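In the two assemblies presented below, chain A is common to both, partnered first by chain B and then by chain C.
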Partner chain A sequence: MTGYLPIAVMILIGAGLPLVAFGVSMLLAPRKPEPLKYTSYECGVEPTGGVRERFSIRYYVIAVLFVIFDVETIFLFPWAVRYRVLGWFGFVEMALFIGVLVLGYAYAWKKGALEWA
Partner chain B sequence: MELLVFSILAGLALAGAIGVILARNPVYSALGLLLGLSAVAGLFVVLWAEFIAVVQLMVYAGGVLVLFLFVIMLVDLEQRGLDTDAGRIGPQPSPGWRVAAAMLGILFTVFVGALLLQEPAREVPGAGALDAVLRGGGGGGALGNLEHVGQLLYTSYLVPFELASVLLLVAMIGAVVLAHRER
Partner chain C sequence: MQTFLEAFLVPAIQAVVVVLLMLLAVAYITLLERKVIAFMQVRIGPNRVGPRGLLQPIADVVKLLLKEDIVPAKADRFVFWLAPILVTMTAIAALAVIPWAGTDATLHVLGYEIRPVITDVNVGIIYVLSISSIGVFGIVLGGWASHSKYPLLGGLRSAAQMISYEVPLGLAIIGALMIAETASTVKIVEWQARHTWLFWLQPVGVLLFYIAGVAENNRAPFDLPEAESELVAGFHTEYSGMKFAFFFLGEYISMIVVSALVVTIYFGGWLPITFGLGYLVPAIPAALSGAWGGPGVHLAFGVFWFALKTFLVLYVYLWLRATFPRYRYDQLMEVGWKFMIPVSLAWILFTGVALLAFDALAA
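Right after this comes the complex of A and B.
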């Protein structure tokens, strides 16, 4: 498991860096709260309503399609590393697999599920 | 060393799981789930199942969690009163329900424990090859974890692999039929 030591170190640094940064700024920064300081300043317009807007269900279809193609990619990895050994047999196998998924993709496309606006 | 890493990861996984049920804000629950899923990915690495660990991160932490967050954003939290204390806590379950839930939890734990103690390792074609890799300390043999999975999946388990594509197709069409609104 020694090969994972760099990853563990990276996770520790990645988790530690924001903690240290926030901690130091919390300890050192002077704090003089004023109502004006808590107004939004990004674009100069006062926000109206909450941030918890209800999202359109249309985006959910796109999220589901993302997960499905995510899983498809997972199947591609072990196939790719064994491609030379599996040869044409493996190629036909994967072509079938992707072919079936392309059917679903074409269906989603035709139904307009990928239309953004 | 292995015990130490396992303990840290198991602790993180439990902390994430507890965070899921204790967090008042659903988005924090989802983040707790992210912690739990990532810790489980680490546990897979401890088991030398590196491929499964990557799948865990890519599909569960990366994909399924996004779905959960989408569901949280699709539900109008303000309208459901989920952003107020009363709404979040909801109607209190009666004592009978609490007892039933506790009994079910204990029963489930006993079942899983009994299965783990009794079930002998079933003979699965190709399991010996994988087992050798795992016992060899991962990457010890000529082939790595990923190569073994590839070799087995695309030869011995060809039919389940192709059926998986049909399953994904059904999921895709189902999602479009159920959630897509024609305009």
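Right after this comes the complex of A and C.
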């Protein structure tokens, strides 16, 4: 597991760098509070309406499809690394797996889950 | 304790050096981008600060550092802070497994072993994909925490776009992994040193990977989340000063990571460019990779070739931005779901059949 210690170091540096920079910026940057500065951006006019509103169902459908396909991708990785050892057995197994997924994909396409407009 | 120190101290120093180099690289890529796009559009580009505008990036950094940091009154303060940190952190963490020279360039200083990669884990490529997908959270949270309409829409669009293109991004690499039989970034280059660049065997794979990578980084022509003509600046509309700078930094480091991954997986990483002459005269690649020298020479040559190739791949990003108009959102999702995914699945099956047929013939 020592191979993963450097990754933890990188994550710490990656999180520390912005924190330090925010600190330096806080010390150096001017601070002149004014109420209008802190309103939400709305092209210069007074903001109207709320922000926490409902948005298109499409985003949820895409999210569900993503979960399915991403899990599939993860299943493919270990298979790919051992592919030449598994030979035709591995090919047929994965062809069946992808085939089942493609059926679902075709169904989603036919039902219009992939249409955006 | 020696081993723990060795496992901690050496990577820590390496990491600091790599991160500092990346900061410098990002600073000058911004200048390069402005210059290159200016020349492509028959303009001059920045030329006021320093000779030929060479000090422009430094002036930009100082300016961003001295800008007032504005947090909208209605924003969720903690998440507003967290978002740029997440984006930068994941981009930097992904650099950990990118090798910049071969194992023959391992240096020994004061009894410590300094390898030319921060860490070589056996699932390096999967690690890069998984850590870079955490970056999506930074953008979505940044858009949500701003409590403003444009950032929210930008963040949502960005989320849908990034998760849509993450699938082909992962699927595109599978073919290369099947051939090289490894998911380690070091071993995949070593395989290419023994055989040939995977680019020649996976031309469709590299195209799919690069297109998905451009979309994943929200770069033109897929820069919908920050389409200034409809969403102002997308998820970072409300960000200013240093927080904006770190969204920017994260995006550019992600570009470098994707370019470095393309080079590592498909274009032979630190191997020299020989235009196939290595098959005729094996002395040419040996000379171009500094085989006549010690580890230090190997390191210098490895870094040179790796940096050159990464730069060339990175340049394509700028070229694309100056060439193509932005996609419409429904076209973008259509390309992702109806073109990239079926093509990458078909390419995996094709690679599978071709590989088994080849192995059967060779046996």
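The criterion applied here is as follows: the second predicted complex is superposed on the first by the 104 of 117 C-alpha atoms of A that agree within 3 Å, B and C clash if a C-alpha of one lies under 4 Å from a C-alpha of the other, contacts with A are read in each partner's own complex, and residues count from 1 in each chain.
Following the convention adopted for this analysis, a contact is a pair of C-beta atoms (placed from the backbone, for glycine too) under 8 Å apart; a residue touches a chain by one contact, two chains touch by 3 or more.
On a predicted model such as this, the values are computed, not experimentally measured, just so you know.
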{"item": "Touching partner for A:54 - first (chain B), second (chain C), both, neither", "value": "first"}
{"item": "Partner chain in contact with A:64 - chain B first, chain C second, else both or neither", "value": "first"}
{"item": "First, second, both or neither for A:91, with chain B first and chain C second", "value": "second"}
{"item": "Touched partner set for A:18, first chain B, second chain C, both or neither", "value": "second"}
{"item": "Winner by number of chain A residues touched, once chain B and chain C are compared", "value": "C"}
{"item": "Contacts of A:81 with chain B and chain C, given as first, second, both or neither", "value": "both"}
{"item": "Touched partner set for A:100, first chain B, second chain C, both or neither", "value": "first"}
{"item": "Touched partner set for A:40, first chain B, second chain C, both or neither", "value": "second"}
{"item": "Chain B versus chain C as contact partner of A:9, first or second or both or neither", "value": "second"}
{"item": "Residues on chain A lying within both footprints (that of chain B and that of chain C)", "value": "3-4, 52, 55, 58-59, 63, 65-66, 70, 73-74, 77, 80-82, 85, 98, 105"}
{"item": "Of all residues in chain A, those that touch chain C in their complex", "value": "2-7, 9-11, 13-15, 17-19, 21-22, 24-26, 28-32, 35, 37-43, 47, 49, 51-52, 55, 58-59, 62-63, 65-66, 69-70, 73-74, 76-77, 80-85, 87-88, 91, 94-95, 98, 102, 105, 109, 114-117"}
{"item": "Of chain A, residues touching chain B in the complex", "value": "1, 3-4, 50, 52, 54-55, 57-61, 63-68, 70-75, 77-82, 85-86, 90, 93, 96-98, 100-101, 103-105, 107-108, 111-113"}
{"item": "Interface residues, chain C side, partner chain A - complex", "value": "3, 7-8, 11-12, 14-16, 19, 64-74, 81, 84-85, 88-93, 95-97, 118-123, 126-127, 146-150, 152, 156, 159-160, 163-164, 166-167, 170-171, 174-175, 177-178, 181-183, 232, 237-238, 241-243, 245-246, 329-330, 333-334, 337-338, 341-342, 345, 348-349, 352-353, 355-356, 359"}
{"item": "Residue ranges of chain B in contact with chain A within the complex", "value": "1-2, 5, 45-46, 51, 54-55, 58-59, 62-64, 66-67, 70-71, 73-79, 83, 139, 144, 146-147, 149-151, 153-155, 158, 161-162, 164-166, 168-169, 171-173, 175-176, 179-183"}
